[in-house]
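Chains: A, B and C, in written order; residue numbering restarts at 1 for each.
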Amino acid sequence: MLMNIVAPYNTGRRFAGLLPEGEDLIASVIRMCIQHSVRMGVFSIIGAVRSATFGIFDQRQKVYVTRTVEGSFDILTCTGNVSPKDGKPFVHAKIILGDEKGNLTGGHLFSETLVFYAEFDLLEMIMEPYERTYDERTGLFLWPYA
Amino acid sequence: MLMNIVAPYNTGRRFAGLLPEGEDLIASVIRMCIQHSVRMGVFSIIGAVRSATFGIFDQRQKVYVTRTVEGSFDILTCTGNVSPKDGKPFVHAKIILGDEKGNLTGGHLFSETLVFYAEFDLLEMIMEPYERTYDERTGLFLWPYA
Amino acid sequence: MLMNIVAPYNTGRRFAGLLPEGEDLIASVIRMCIQHSVRMGVFSIIGAVRSATFGIFDQRQKVYVTRTVEGSFDILTCTGNVSPKDGKPFVHAKIILGDEKGNLTGGHLFSETLVFYAEFDLLEMIMEPYERTYDERTGLFLWPYA
């Protein structure tokens, strides 16, 4: 059995605010992290998008099956983290959207996802960064197992 | 391009507990914030409701399309924040509900939404409060853009 | 009217990492809490599962209606807390899953739910623990009302 990794971390700075309207959600989070030198963090966002791209990981084929939607969608949750991949800030997030009929959809968040408005809360994690590394078993770039 | 706003904030008090059964979720969060003089905060709630009202923002008509549901619904997520509007605590939250058939629904949370049980976790944000202000482009009361 | 309970708490340690692949999600969180002597906490998880069991509480019959699913599902949210029940760490969590067609399902999380990968963020709460106690009105083991 593989061990899980459990690292304690210290709470760094916290940031709250609005992501820029009409821009890509992931790109905006990354830009903010670069501007403020945040290497690792966790965040939560609520708001709305004009369009979104997201997918679910097919665990057998080891590929994301993606979809793109356009229209009026509220962001009901967008939960994710930032950690380095190839030395640069990388966002891993999931999003759930609601439409006017009361239907929900969502998945692993991709670009391009255009913000209508987005209120974020980001916590910087102070720790030895988890560098994302390719994991053969899952086919994903994961934090390292012990 | 509009700039996003990114304010660092300090972590204030944290509160956890149960919201009162049979009462409106938003009213209960506001009452708690007034009792404890919380001006800004973020919160997360899980539990169940007896009934709920929620909506999705129609970005063209600039109006919320709302729905009300009654019955046995678990609160799978309820993520939101508190910040002043017209000088009073205002709750902005999204909710996702699940029913017995495994179907999910949800949206922007409105009153009246009656709690069956609700476990909350609230973090006070120490910062110059973001006063909600009408934003012409979106038609929403948002935190101010720079 | 029953009063809500609102206890302030102090922020304890924070932990982030991966839950072990192929193991039950709830059991893994409990094992981690025992290993690190975490008595109360709140957590958030994103990732994917191979299979999951979850339910919605039927408020009239006072019983959970449960479902089990198998296949490729991303964990879009998994929000919960840890607090003692009969003196042992007990996990109360809700989960939302997405499938390849863009459909979402979820509910109150049960075992057995097998992790494909799961990135967690856990905050220890420093406070007099809320012992879960049977509540006659709801039929649930809740934190105590005042």
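Simple rule for what comes next: a contact is a pair of C-beta atoms (placed from the backbone, for glycine too) under 8 Å apart; a residue touches a chain by one contact, two chains touch by 3 or more.
If you're wondering where the values come from, they're calculated on a predicted model, not measured in any experiment.
Visitor: Quick check for you: after a Cα superposition of subunit B on subunit C, what is the rotation angle, between 0 and 180°, in steps of 5?
Guide: Best-fit rotation on C-alpha atoms: 120 degrees.
Visitor: Over half of interface residue numbers shared between subunit A and subunit B means same, under half means different, so which is it?
Guide: different
Visitor: For subunit A and subunit B, what's the span in angstrom between their mean Cα positions?
Guide: 21
Visitor: Where does subunit C touch two or more other chains at once, residue-wise?
Guide: 11, 44, 77, 96, 104 - these are the residues of subunit C that touch more than one other chain.
Visitor: Note which residues of subunit B are touching subunit A in the complex, please.
Guide: Listed in rising order, the residues are 1-11, 42, 44, 56-60, 65, 67, 77, 79-81, 92-96, 104-108, 125, 127, 130, 135, 137-138, 140, 142-143, 145.
Visitor: Mind pulling up the subunit C residues that touch subunit A in the complex?
Guide: Listed in rising order, the residues are 11, 13-23, 28, 32, 35-36, 44, 46, 48, 50, 71-77, 96, 98-100, 102-104, 116-117, 119, 121.
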